[in-house]
Structure formats: structure tokens, C-alpha cells
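Each of the two complexes below includes chain A, the first together with chain B, the second together with chain C.
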Partner chain A sequence: MNLGAFILKNALRNTRRALLCVLSVAACLFLFVSLLVCLRELTVPPEDIGASLRIAVRNKVSLTVQLPARQGPIIARVPGVAAVTPFSWFGGQFGTEEGTPFAQFAVDPAKFAAMFPDMRLPADQLANWIATRTGCIVGRDLAEKKNFKIGSRITLRGSVWPCDLELIVSGIYDYEIDSTSLFFDHKYLDEATGNTGTVGAWWVLAENAEAVPGIIDRINAAFANTSAEVRAETENAFRMSFVSMLGDIATLIGAICTVVVFTLGIVTASTMSMAVRERFPELAILKAMGFRTRELWAFILAESFLLAALGAVLGIGFAIAFYRSPPVVSAMSIYFPVFEISPRIMARAAIVAAGLGIVASLAPAIQVARLTVVDGLRTLD
Partner chain B sequence: MTLPFSYNARNVVVRWRSSAATVLIIALVVAVCLILQAMAQGIVSSTSATGDPANVIIVRKGSTAESSSIVTRTQARRIQFLPQVQRDERGDPISSAEVVVLANLRRRGGAGEANVSLRGISPAGRALRPQVRLAEGRWFVPGKREVVVSRRLAPRFEGLGLNERFKSGAHSLAVVGIFDAVGTAFESEIWLDANEARSLFDREQFSSVIVRVPSPADQQAMKKSLESDKQLRLLALPEPEYYAKLTKSAGPIRFLGYFLAATLSVGAVFAAMNAMYAIVGRRTREVGTLRILGYPRRIIMLGFLMEGGLLALAGGALGCALAAPFNWVTTSTISFDSFSEIVFKFHITPWLIIQALAFSFAIGVAGSFLPALRVSRLPVIAAVKAV
Partner chain C sequence: MASSDPIIRLKELTKIYQQGEIRVTALDGIDLDIAAGEFVALMGPSGSGKSTLLHIVAGIDRPTRGECWVGDIEVSRLNESQLAEWRNHTIGFIFQTFNLIPVLTAFENVELPLLLTGLAPRRRRELVQTALDIVGLSDRSRHLPRQMSGGQEQRVAIARAIVTDPPILVADEPTGNLDAHSAATVMETLQTLNGSAGKTIVMVTHDPRAASFGSRIIHLEKGELIRESATPPGGGTPA
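== the complex of A and B ==
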């Protein structure tokens, strides 16, 4: 019997206990991974290549205060600006659902393709959208979930805007970072509200990344001391501003992660000390045979490491399978369009598991180190 | 013949060392779940404590928040002079046409920002909310760009302290008073004069109208007359009813709490099972003896289930104790109804504590089921001979 087999036999000789410990570790690691993904989705907005060229312009008071439509042409004339589109949150209610079930934005369809180059929309569908005043495009995931097809009619009841909209689906787009939104023509919104004067925000595309800071300064300066002062910022900065609005939620989730890790530590440590305590007589014999404390600790370490590793494989593996299964994906998509367990998060969970293996072996190792051969042999279970 | 309850109870106490880890695990699980539920409850409690049943709030039909509601000035005037509205001693209707604007303000001690509700009120607005009391300083004087700030909001945002100033858009506003709105949704607000707010934020119309209509029959009559006029597209609700619905943010938090409870309880059950197997394993001979004394299997099994449950209950109680200090902690998050910052306290209700204790007891019973079954099924002779 070699050393590996010895450790494996030891770990599995109380199969039930090893199994329970592994399952317990797996459940906690599953949760740990879920919380980490959740935290990342909340605090690190997704980025795409085009984002570095895009600038969001909103009212300086807050995003919920409208901007005058006359600002559009002024922004378009700022040097370095390639395109400008209004970007108004509609926030309509759909069907019998309470609240806003998916995001809806009023934009300028003609500028849209240039603004979001990573968004894939067939050319004929884009042309159809531009040509249809009441047309809209929907993300692939949203279309699948609500069973929208090209030509479907969608009625939205305004909650922010005092009007209802009757839209026709002109196209279905694919976009990695957001495939659950609906975009429609701002002209139709103006028509429906009978008000051509206001927009929610502006989205601006810069000609190149170097021009971005200059454009931001010029736009901010252009409307200073007017009745609608603006705040221009990069799209990423704009997205990040939502993170701060979440308030203490992110801190709370972070704290829960810590508690979960701590719980995991107790689970494995108590299992290991149970396993070692009942083995005192044998460990005493090994000591008497000339094994050193260091070597005995290595046995214990390997065993607890094995338990933690099995738990990690099971927990992380289950998390990956769980969050990829279609029913879960569609259920989660309201809050998290992307809920992906990135390699970085897997690595963090694996590191926690490895740390766990080491920490759990410490207390038993100290017990064994203190154990004299005679006492060990005398121990009754 | 039943085992005396004290047999199992004393066993838990006497052998606490072997089960301390399990108790601690369950305590942590219960504490985490309880804190999340208390957070969701805090949102619900603050909105359900808001509003006076004698007040009716009128907003645009279909709007989900006051900040996105529009009541025109003509509509506001018409509402104020409805016959049901109570008059004060001078014969003026007790009503307040209000404007709610969200202002993006900088948090203290960090780079973050959040939307804060600014509520412009008419002179009667204060009398309509007796829950709101001035705590420090004085009330604002209309036209002088002055505001009063909730006591809970003041320490959280830059420039909101007494005698400080903050900028919103192009305007600078002075904080001249701090108000106390004990446990209501007004704790997340800044108040100023309605007409001043309209001019500062370039708002032609009002957001909502609040009127005093004490009798429920009058409230119904008023609701009918307003809502039957389809041209108006207005919604009239008793104030408490309106606020009680603003709890959308509690949903995801509560869901997170349930999700945590579900996954962590799986982990905790396995851990408890491990501990219980060890406990019953050590007492095999004792169980044999009990059998010889004539205790039947199911009584012994029941005893061990009770013991596991008690052990876990101790963990649950410890968990509640760990979570208890949160009951006095103020926290904040975004309201999914109004898209603005809401400030509230964690609220641990007796019902949540009962749920937490029941949850921990269930973990204990579930974890000790298999071990108890095993030990109660052992043949008597084998059990007594076991080392």
C-alpha cells in the first residue's frame, strides 16, 4: 500500500461522514459562487468594445429629469462627435404584469447601428425598422421569452410617460451584454405624448477614443447656466453610477460571502477533528513506529484537502450546470441577463476550498502533535 | 412509556462540547437569513407606517411613482375645491399640491452618488403629515432656496447637514432644518416649497395632490367622481394604501434571503447529520440499555429527534441573538418603485424570530432523522455489546 492509497483509505473509511462533509462543503461553495456572480453583476457592469466611444448625457439634477430636445443639434455640432441619439427610458407596463417587465428605450433608429456596432441586426430588419414609425426591435432573449416574432404587436402602457404605445416588431437583435431590451423610434413617442420638446437622455458616439474627454468637457460647458444643465460622462461611468445607487446591498452580499466562508471552515474543521479523534490509537502507533509529527500532519492535511477538493468540484460543477440550465437562465434573466460563472470566480472558489483544506487540518494537527504515544494508545473512542 | 424530556435536554447541555460546531453553523445560517428578511421587512415597515388614513393622495393613473406622476395645475385646483375636502378654520381646503423631483447627490465619505427625493409641499403639507416633526433648526421660508432634511438622510449625503448647502443642477440650496419622520417613507426625503421646486426644476405641473378627507364614505365618493371622469386619468387612494404598495425593492432581497435559506440549510442539515451520527454512535450502549429497560424503538427515535431539534434550536436562538443588534441599524438601497434612495432600519419582528426558530428546529430534526432511525433499529444485544 503506497502513501496515496493510505490517505484515500483513511478519508473514505467512514464513507458516510466523508460524503456528508463533501456535500455540506459543496452546498456552501455553490452558494459562495452564486453570491460572487451576483456581486460581480451588480458592481461590475458588462463592457463591450464600443462602450469606450460612447458618452451618456443626462440632466445634471438626475436622470429622471428630462432634457430639452433642442440640445440634440447643439451636441451634434461639437467637434469629434460622430452621432447623437435621444435615449429615453419608457418604463411601460406590458400585459397584466405589474411594473416594468423589460427595459424599453426610445431612440433614433437611423443612428442606432453606428452607435452600437457590436449589436447584430440584419440589414433588412434595420431598414424595416427605420421605415416603420411604430416599429421596434427586441433582443433575442426577450423575444424568446415573450414569444415575440417579426410582425408581433406589443402594447405598452406608459408609467413614466403619460401615453400608451402600439408597437410592431420590425427586427430581433443579438447582443452579448443586453439581449432583453426593446428599442423604438423616439418620433413615435413624441407623437404619442403630443410633445416634441423633451428627451430622457442623449447618447453620443465619439469619432475616436482620444476625442472622448474633450467632447465631455464641451458638452458640459455648452449647457452650463441654462435651465437644463447636463452631465456628460462615459457610458461605463454612467453604468457605474447605478452601482452606488444600490446602497448597502453590495456590502451586505459581500459580508454574507464572508460568513459563508467562515461556516465552511467550521464544517470541514469539525469533520476533520472528529475523524482524527477517533483515530488517536492508530496515530499513536504510527508515532511509535517512527513517523514524525510533520509526516502525520501531512497525512491529515492531504485528507482534509481531499474532502475540500471533492466539495469544490461538486459545488462549482453543480453551480455551472445549474446556472446554464434553460429554466434557470430564463427565470434569472429579469434581474441578471448574464449570469455567468467566470474563470476568475471559479478560481476564487477553488482558492477558498484549498484554504479550507489547510485551515481544517490545523486543529487536528495540533492535537496529534501534543499526543504522546501512551496517551494515544490509551484513548477509547 | 416515554423518555423524560429532561433526558434529551440534559444530554444536549452536558455534551455541548461535541455539538458546539453544529450549533455555531446553524447560528450563522439563521443569522444571515434573518438579517436579509429583516432588511426586506424594514422596507415594508417603513412604507406601511407612512400616511394618514384621513388623507387621500391623487396621482396620474398608470404612474408608478410620484416623481413620474403629473397632475396639471388646473386639475390640482379642481381637486382642492371638491366638496368632500375638509376646510380649515378660515375656510380654505386642507390640501397640498406637491412636486417630487429626484436629485442626484453625492454620498458622504465616498465617490458614489444616488438619487434623493426632493418633495415640494404647499403650506398645508405639514399639517397633513403630523408624523413629520421638526427636530432641529427651523422650517424653510418659501422663496429663499431653503430646505429641511430628514434626520436619517442628513448624515448620508454631502451638504445635507444642518446649516450646510448642496447643489442640484445649477442651483444651490441651504439646509435650515432637520425633521424627524419616525419610521416612515418621509425619512428618505428633502422638503421645500412646492412652487419654488417647480421653478427651480423647471416643472410646469405638479406630481400629486394630497387632501384631507376624514370620512371613508367621502373618500369613496371623491374617488368615484375623480375616476369616473376618463378625461382626467387620475387615481385617488387613501395615503396609507398608496404607500403600502411601494415595496418592490423588498422582493429581490426577500428572494435572496429564501435562496440563502434553501442552500445554506442543505449544508447545515448535512453538517448536523454528521454531528448526530457521531453523537448517537458514542451512545450506542446507552441506547441498548434503554431498550432493555423497556423503552420502545419509536420513543427512542423520537427522543433523538427532539435532541437534534433542541440542539439546532439552541443554534437558532444564538443566531437570533447575533442578528438582533441589526434591529437598530439604518441602511439604504434604491427603491425600484421611485428609483430613489430609501433609508430605513432593519426590522426584526417577533414573527420573523418565530420563523427563524422554526427553521432552525427543522434543520435539527431533518439532520437527526437518519441517525436516530439507525440507532433505534439496532438489535438490543449488539447495541449493548458495542464498544
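== the complex of A and C ==
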């Protein structure tokens, strides 16, 4: 027997309790990892190559207030602007589903491909979309989920706009950032609503990254003191502000993470305290045999670490497997285009688990340090 | 066999427990010499201080006053770390409730004190096997404590106590939880260790029959040594 075997046998001596402790740690770490991924996706959205060149322009009052379409040509003439497209949220209902089951945007198909260079759409499908006023393109994940194919007809019932749209799938795009949306021609929206004068927002492509700050300033200045002042910002800044409209969700998730870790600490510390308390006589015997307090502390720390590590492996491992399973990927893609447990998040969860191992061993270690052999033996009586 | 040189020497040994405002004198100026190779039985009513005396001799408790010499070491002057190391080499413990680790086999329980010694695994196995041979339990080495009788458990505890070859064994009511037959077996094992291996044994007991295995019986009462008696040759032979 070596000390490792001794520690292992001690840690697993009460199988049910050890198992429950490991499962508690695993469940908490699963939740912790999930929350961290949510937090990252909300606060640090994934970026593609074109993100640094794209600028979102919206009404300064609110994202929900429309902008006049006449702004488009003015923005297009700003030095450094490569392309401009309207970008209007439709928010229609599909089939018998309640609410808006997937994102739908009205854009300018001719400018769209240049605007998102990382989006892969076959040239013939792009040409077909541009040529078809009622055409639309859908993301691969959305197409697979809804069984959309080229030529499929999609009816969207307007819930925000007072019209319904009859769309034909002209193309299916692949895009790592988001392949769950539908894009259609803004002209069709104008026709359907009978309103050619407004857009939801503008999406602007800069010629290069260095030009972006200047373009933002010029666009903001161009419409200052008009009836439709705008707020131009980088696409990432727009996303962040969009997230902030949901409230201080980062703080909320951070608070939940803290509670999860705190709960996890209590569970593990409680288990270790119980495990050590019921072994006081044995620990006293070990002290009598010549084991020093620091050696007993090392045993307890190792046991605590072992339980936390097993829980971490189980919790993180399950989270990885769970969020990679096709049904979950499909379900999550509605809310998060990418829901990946990065090595950084795994490392953070592992550090939390290691920290728990240490924290959970502190109280028992203090108990053992205070334990005299005589007192320990007295607990036998 | 006992030599005339004391291996344990207690001088004016006093132990006072302060429990709130109450002072309890567990030991009151005990002077006692125990020669190397002696088998001493400490007897007395509950609260007489015999267990406290045993604990101080074994280095797991400290006197309030007085000196406790074991060999040429004043035990009460050692710090906790030194005491731990000293106990590992010098003292073998045997307890009333055996105190084997339930998840370890007999072999592993006996091996425990050797984990501190830095001996190679092979050497440790040899020593454990020898200790189990001495107590007659080689065939039970793979058994867990719950798979053994009380007497067997206590003999495993004795093997654990002697595996590091300490010169002194301290036993606190070693037969207190055993039936008469098992108690006799355990006492015979201790007697053998005293006689053949020359171990100095200090044993606390309430049982006159167990005490009769010792070479000397020391009676304590209210923390004072009140009487000593030598057991007759052949004492301890089961009636």
C-alpha cells in the first residue's frame, strides 16, 4: 500500500456520500460552465473577419424607432464607406409556432454578400436571390431544423409589420457566427407594407479598419440636429448595447455563478467536515502512530481534491458532451449561434474545482490541527 | 526480561485539568521507575489517573509539572513534531477498541506506521509479514477488520504496534472488549512479546486476570501511587 492508495480508500470509504458529493460538484460545475459560456456569448460575441469593418447605424432614440430611407445614399457617400444596406427586423410568425421562431431581416441582397465575407453562399444562389424579389436565404442550421430546401415556400405572418410575406428559399448559407437566420429583400418588405420611406437600421461596410472611427463620426455628424439623429457604432459595440437592453445580464449571471460556487463550496466543505469528524478517533490513532498534523492535513486536502476533481471531470465532461450533442446544438442555436465550451472556460471551471478542494479542506484541517490524540481517543467512548 | 536500568522514569509527575473554575488533579506528584523489559500493569478505579499516566508516558499528553524521561529523552520537552517522530520509533499503541482503519486490510493496517519510515515497499512487506506471523494472523492478512473477530482485530492492532519494533508498548485496556478466551490469547501474545522480544509493556487494566500477566502491578487512586505488587512467577497463566 502507498499513501495514494490510502487516500483513495479513505475518500471512497462511504461510497454513497462520496458519490453524492461528486455528483453535487459535477452538477454545480455543469451549471457554472453553462453560465460562463452564456456570459461569454452575451458579452464577448464571436467575431468574424468582417466584424471589424462593419458599422451599425440606428436611431439615436431607440433601436425600435425607424430611420428614413433617404439616409442610405448620404451614408454611402461618406468617405471610406464601401457598402450600405438597410437592416430591418421583421419578426414574423411561422407556421403554428408562437412568437418569432427565428430571426428574419430585410436587407439589400446585392450588398449583403460583400457585407459578410465569411458567409458562404454559392454564387448561383446569390444571383437567384438578387434576381427574385420574394427570394430569401436561410442559414444551414435553420434549413435543417425546419426542413427548408431551395425552392421551399415560407410564409411569415407579420406581428410587428402589418403584412404577411410569401418567401421562396433562393439559397442556403453557411456561416459559423450565425446560421439560424433568414434574410430577404428589403424591397419586398417595402412593397408588402406600402412604405418605402423607412428602414430599421443601416449596416455599413468600411473600406478598411482604420477608416471605421472616422466613418462613425461623420455619420453621426451628418444626421445631427435632424429629425432622425442616428447612433453609429461598430457592430460589436451594437451587439453589446443590444445585450445591455436585456438589463445587466452580465451582473446577473455573474451573481448566479457566485452563488453556484458558494453553494458548491458549502456542499464540499460539509461533506469533508462530516467525513473527517467521524474519523476523529482514527486520525487520533494516526497521530499517535507518528503522523504529523501537516501529513494529516495533506491527506484531507488530497481527499478533498480527489472528490472535487472527480466532480470536475464529470461535470465539465458532461457539459462538453451535452452541448456537442446535435439536438442540443440545434436547440441552443436559436439563442446562441455558437455555444462552445472553450479551453479557457474549462480551465476556469477546473480552477474553481481546485479552489473548492482547498477551501473544503480548510475547516477539517483546522479541526485536525486542534485535535489532540487524547481528545480524539476520548471520542471513542 | 527486565534489566535494572529504568527505561521510563517519572519524577514528581503532576497533571492538573482545569475545567472552568474546577481544577481536577489527575496525577499528583508521581515518582515511578519502570525498567527496560518490564511488564507493568496499572490498576485503579475510574478517575484514578492511570490512563493519564499512560498517555504522558506515551507522549500523547503533557504533564502540568514534573518530568517524564523515556531513555535519555525528557518527553515533555519535545515539540509536537519531535514527539510524533519519537512516538513512531519508540512507542507501540494498543487500544481497547482496536482502532483499525475499517477500509484497510489487516496487512495494510499493520503497514500504516511504516509509511512514515521511508522503507522500501519490499522491506515493509517483510516487516508486516513478520509482525503478523508473531501474532499468528498471517493467514488473515487480506481480511478487512469487519471480517475478523474482536480477538483477531486486537492481535492485528498488536502487530501494528510492534511493526516498527518500538522498545515500549502501551496498552489501554487491551482486553476490555474481548471475551475471556480472546482476552487470554491477547495477553499471552503480549506476554510473549515481553518475554521473548524484550518489549517493555505498560498496560492499563481493570481486569485482575489481565494484570496478573504483568511482572508488576501498580495501583493508583486519586492520582497517587498507593501500592505496588509483584505478580508471582507464572502469573497470568489462565486459570
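Worth pointing out:
Heads up, the rule we're going with is that the second predicted complex is superposed on the first by the 377 of 381 C-alpha atoms of A that agree within 3 Å, B and C clash if a C-alpha of one lies under 4 Å from a C-alpha of the other, contacts with A are read in each partner's own complex, and residues count from 1 in each chain.
As a working rule, contacts are C-beta pairs under 8 Å (C-beta built on N, C-alpha and C of every residue); 3 or more make two chains touch, one makes a residue touch a chain.
Nothing here was measured: the structure is a model prediction, and the numbers come from that model.
After superposition onto chain A, the modelled positions of chain B and chain C are compatible, with room for both.
With both structures placed on the common chain, the touch criterion links A:158 to chain B but leaves chain C unconnected. In the superposition on chain A, A:259 makes contact with chain B only, not with chain C. Look at A:377: by the touch rule set out above, it reaches chain C but stays clear of chain B. In the superposition on chain A, A:291 makes contact with chain C only, while chain B stays out of contact range.
Of the two partner chains, neither chain B nor chain C is touched by A:313. Applying the stated contact rule after C-alpha superposition, one finds that A:177 touches neither chain B nor chain C. The larger set of touched chain A residues comes from B, when the choice is between chain B and chain C. Look at A:30: by the touch rule set out above, it reaches chain B but stays clear of chain C. Across the overlaid pair of complexes, the angle with its corner at the CA centre of chain A and arms to chain B and chain C is 90°, in steps of 10. With chain A fitted onto itself, chain B and chain C come no nearer than 11 Å, counting C-alpha atoms only.
On chain A, the surface patch touched by chain B in one complex and by chain C in the other comprises residues 380.
Residues 1-3, 6, 9-10, 12-13, 281-282, 285-293, 295, 372-374, 377, 380 of chain A touch chain C in their complex. Residues 16-17, 20-21, 23-25, 27-28, 30-31, 34, 38, 59-65, 91, 93, 99-100, 157-160, 162, 224-229, 231, 241, 243-249, 252-253, 256, 259-260, 262-263, 266-267, 269-271, 274, 335, 380-381 of chain A are the ones touching chain B in the complex. Of all the residues in chain C, the ones that touch chain A in their complex are 55, 58, 60-61, 80-81, 84-89, 91, 93, 95-97, 99, 101-104, 107-108, 111-113, 115-116, 121, 160, 172.
Chain contact summary for the complex, chain B toward chain A: residues 21-22, 24-25, 28-29, 31-32, 35-36, 39, 60, 62-64, 67-68, 70, 101-104, 107, 110-115, 168-170, 201-202, 233, 248, 252-253, 256, 259-260, 263-264, 266-268, 270-271, 273-275, 277-278, 282, 331-334, 336, 339, 341, 387.
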